[in-house]
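Next up: the structures, one after another.
In what comes next, subunit A is part of two complexes: it sits with subunit B in the first one and with subunit C in the second one.
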Partner chain A sequence: MRIRLENIVKRFDDNTAVNDFSAVIESGELVTLLGPSGCGKSTMLNMLSGILYPTEGKIYFDDDDVTFMSSEKRGIGLVFQNYALYPHMTVLENICFPLEIKKVPKAERIERAKKMAELVHVEGMLNRKPGQLSGGQQQRVAIARALVKEPRLLLLDEPLSNLDARLRIEMREEIRRIQLETGVTTIFVTHDQEEAMSISDHIILMKLGVLQQYDKPQALYDQPANCFVADFLGNPPINKVAGVVQDGKVLLGEDKIDSGIKVDVADGTRVWLSFRAESVILDNSSSLRAKVIMTSVMGKEVITSFDLAGKEVRGYMDANAELQRDQEIGIRFKNSGVFVFDYESGERYL
Partner chain B sequence: MSRKSRDTETRINKEPLSIGRIAMYVCLFIGALIMIFPFYWMITGAFKTWTEVNKIPPTLIPENPFNLENFIYAFKTAPFGRYFINSILALIGCIVTCSFTTILAAFAFSRLRFPGREFIFSLLLSLMMVPYEMIIITNYRTIVHWNLHDTIWALILPFMSSIFYTYILKGFFDSVPESLYQAAKVDGCSDWKYLWRVMVPMAKSSLATIILLNAIATWNSFLWPMIATNSKEVRTLPFGLYAFMTEGGQRNERMMAASTIVVIPMIIIFLFARKYIISGMSRGGIKG
Partner chain C sequence: MIKKSFFERIKPLLYLLPFIASVTLFTLYPIVNVIRMSFLEGYKYLSGAYTGVGLGNYQKVINDPFFRQALSNTFRYVLLVVPISTALAIVIATMLNQKIKFQSFFQTAYFLPMVTSSLAVGLAWRFMFNDKVGILNYVLNIFGIQGPSWLTTPAGNFIAVVVFGIWAILPNTIILLLSGLQNIDPLYYTAAKVDGAKTLRIFFRITVPLLAPTIMLVIIINTISTFKMYHELFPLFNGPGIAYNLFTVVYYIYYEFRVMSPPKYGYAAAAAVMLLITVFIFTMLQRAVQAWSRKERGEDVKKVKRHRDQNK
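And then the complex of A and B:
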């Protein structure tokens, strides 16, 4: 099902949680709503599920205007962070419950629930109570319960945040597998960029209720729309050095060191030079000098932090260089993963 | 949980018996003896003859433990069978109606949104401050006005709802995550169905506590039945016992047989359900 959001605004008293939000989510895709806490992603999800209604704007499921339609008529499946399983019912009863409400005959609902349980791999524990399951298993049951009535849209609200790190990776792959197997349009809310990057077809990145960028995961990383997007994605976080533009060149720090990066904006514009750790190369012939602070071996890679124009930054350096503390090195930038943003507005210049 | 308690158990057993612990057990033993002995005396007394009850020194074990004469006498002179049925009727009536209204009210105050919800609830809570003896007067007038005086309805009607039990149950309902409600709503579950299929089964132990407290209170209630009923046909056991005492004269062994009839059902209930009573008491911070 194709979802169209048109100029959605949601206000709580004086507080605008979502502001002028427009997006189209294509049928069968898994789209992640990503952003720091308080960015309005859960509010957005609640409006999609019908728990909240928008103050302004329209929501369309295919061609139906569902803006003010009640939850149960929307045909959605919802998975909560705390799973929200009914503790007194067995796994089978939990999965059957949505069908029971729809008055599906008992034999059929058991059959459908069993099929769903197989899909999410909990078929061996149908008679257990949720309290006897691990977090990951509970989450599987919650997904099965959400999917059993064959919803047009599956909504997942931070479904992995109660799981430990290893299970989280396993479950996100599972969610992706289940989503691809069923082909259900899915919206996934998370604040974890890695989670979002790994499973989404597209990511919607939000900040303070405003859509920042809506793109494929790799595009978000490679071509951030603004400084916030660049800051939010990537691990280690993107390096940021303040500078000023003169004669089309970005000069860094108080000492106005020439970074060698050219940008087409007016002289005197204050900017951020942002670059990914993998976009910096050790080149002692370069005139851009930096001082090594420390190196740390991260498995197969060596990450070096160094002082560039008075700011500590990090880069993946040649492991064979054997850099020493306080050693002066020359660096230059690759063509990709280097951006220039406006210092105030975060608007991207390069 | 079970493993943990087993661990503590073994730890306690291994611990050497210090003087403090011995003293503690002695005190507990004496306390238990003081509590249990009157019941023991009453129950055994019910099997004794008039001479045996008044014998000095007293016998601890009745000479004829199968002597049911006193019970037969009690049932013959006062209609204890009728009292018993009345007590049961009042008990069932109160529990069924009160549980029903309590569940609905607790759900409404916990989950439904309506204007003035908090205000109404605090108003109701403040009514708990009104002493029971004061309500008796107005209740009596109402019952008389409706021509229900001296009927079983008079015993049930004033106890068809309870602010206190509503308060306990609301506390439990409040602790159920909102997401369960939302999950059910998204699936198209009505409030009514959600309440009976999800909330009530989850609240089983809270409800059991409420029902038990209610049962004990109804079974033992004396003042109101004495005022609201008059004839033998609608008396309940405690009032019946009182009447038996005044009408039957000072025959201790008969009195003890009658008292045993009154008390035994509650003791049986307590033995079966003490887990719920105790957990309910400690959770709700109720004093019995």
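And then the complex of A and C:
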């Protein structure tokens, strides 16, 4: 099912939680609503599920205007952060419950519930109560319960944040597998960029109720629309050094060190030079000098932090270089993963 | 190991002494003394003299028509008041738990019986029950119902005390159930609503089952407290009904101990012991039910852990 969001605004008293939000979500895709807490992503989800109604704007499911339609008529499946499994019902009863409400005959509802249980791999624990399941198993049951009535849209509200790190990776792969197997249009809310990057077809990144960028995960990483997007994505976080533009060159720090990066903006514009850790290369012939602070080995990679124009930054350096503390090195940048943003507005110049 | 001095070792005991002393003096001693008294035949409290030791008091009490009447009244009272008040309280608590207009007014109204003296309120009820000027029969009359003669016939007496009993027990029951309701995560309701569940289905399939442990607790607590009913009888009838027809077990104890002349301490004690045993059985039942409901909800953490470890 294709979802069209047109100029959605949601205000709570004086506080605007979502502002002029427009997007189209294509049928069968898994789209992540990503952003820090308070960015309006949960509000957006609640408006999609019909728990909240927008103050302004329209929501279309295919061609139906569902803006003010009540939840139960929308044909959605919802998975909550803490699963909200009914503790007094067994796994089977939990999965059956949405069908019971729809007055599906008992034999059929058990058959459909069992099929769902198989899909999410909980068929062996149908007679257990939620309290007897691990977090990951509860999550699977919650997904089965949301999918059993064959919704047009599956909504997942921070579904992995109650799981430990290892389970989280396992479950996000599971969610992706289940989504691909059923082909259901899915919207996934999270504040974890890694989670979003790994499972989404597209990511909608939000900040303070405003859509920042809506793109494929790799595109968000490679071509951030603004400084916020660049800062939010990537691990280790992107390096940021303040500078000023002179003669089309970005000069870094108070000493105005020439970064070698060229940008076409007016002289005197204050900017951020942002670069990914993998976009910096050790090159002692370079005139751009830096001082090593420390190196740390992280598995097969060596990450070096160094002082660049008075700011500590990090880069993946040649492991064979055996850099010492306080050693002076020369560096240069690759062509990709290096951006220049406006210091105030975050607008991207390069 | 450092050897502690004698004083160091008994220090905790000193802290506990006031508590132990008061419990011994005011709780344990009376209980033991009542049990002892129940086996002493022809016991004189002031002189401490008795004519024999045995089950004579029990025999006498069990064969006493007044005690049998008391038992029958008490059981009928419990069987009426507990289910009706629990059902009413569930409905009222559920409504109070909603976002309704005048919520604080209704909460105050329903909790009022708890902060008022039951003696004073009982007198007010006595006026309301009055056949001629009482408001109850007046209201019933408007609906074309001929109300019972609450205070002047034995059958009316019983209904009156049941109505009063239900009213008096409601606030406590509502508070317990309300706290139970507030412990239910509202997310369950959201989840059910998103799936299209209507109010009644949510109530019977989600609210009531999740409230079941609290309902069980309320039923048992109320059973225990209604078993001990007797003070309601004073403001309404100045005694056990208009025709000595409303003896309850506790009133019987009071009667043998205080009203009879000379007092039958042994009978009162024997009746008290029998009541104690009944209440004790219900208390044990309560604990068993609570343990069961915890297990049913899979809240036995150790067990779950063990289970998971085995699965690894």
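The criterion applied here is as follows: the second predicted complex is superposed on the first by the 350 of 350 C-alpha atoms of A that agree within 3 Å, B and C clash if a C-alpha of one lies under 4 Å from a C-alpha of the other, contacts with A are read in each partner's own complex, and residues count from 1 in each chain.
We adopt the following convention: a residue touches a chain if its C-beta (ideal position, glycine included) is under 8 Å from a C-beta of that chain, and two chains touch if they have at least 3 such contacts.
The shown structure was predicted, so the numbers you read here are calculated from the model rather than taken from an experiment.
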{"item": "Subunit A as common anchor, with subunit B and subunit C clashing or fitting", "value": "clash"}
{"item": "Which of subunit B and subunit C A:G131 touches, first, second, both or neither", "value": "second"}
{"item": "Which of subunit B and subunit C A:L78 touches, first, second, both or neither", "value": "both"}
{"item": "Which of subunit B and subunit C A:K334 touches, first, second, both or neither", "value": "neither"}
{"item": "Touching partner for A:K216 - first (subunit B), second (subunit C), both, neither", "value": "neither"}
{"item": "Residues of subunit A at both interfaces, subunit B in one complex, subunit C in the other", "value": "49-51, 71-73, 76, 78, 80, 82, 84, 86-89, 97-98, 101-102, 149"}
{"item": "Subunit C partner contacts - residues on subunit A that touch it in the complex", "value": "49-51, 71-73, 76, 78, 80, 82, 84, 86-89, 97-98, 100-102, 128-132, 134, 149"}
{"item": "Contact footprint of subunit A on subunit B as seen in their complex", "value": "177, 179-180, 182-189, 193, 197-198, 201-202, 204"}
{"item": "Contacting residues of subunit A [partner subunit B, same complex]", "value": "49-51, 71-73, 76-78, 80-82, 84, 86-89, 97-98, 101-102, 145, 149"}
{"item": "Of subunit C, residues touching subunit A in the complex", "value": "185, 187-188, 190-197, 201, 205-206, 209-210, 212, 296-299, 304, 307-308"}
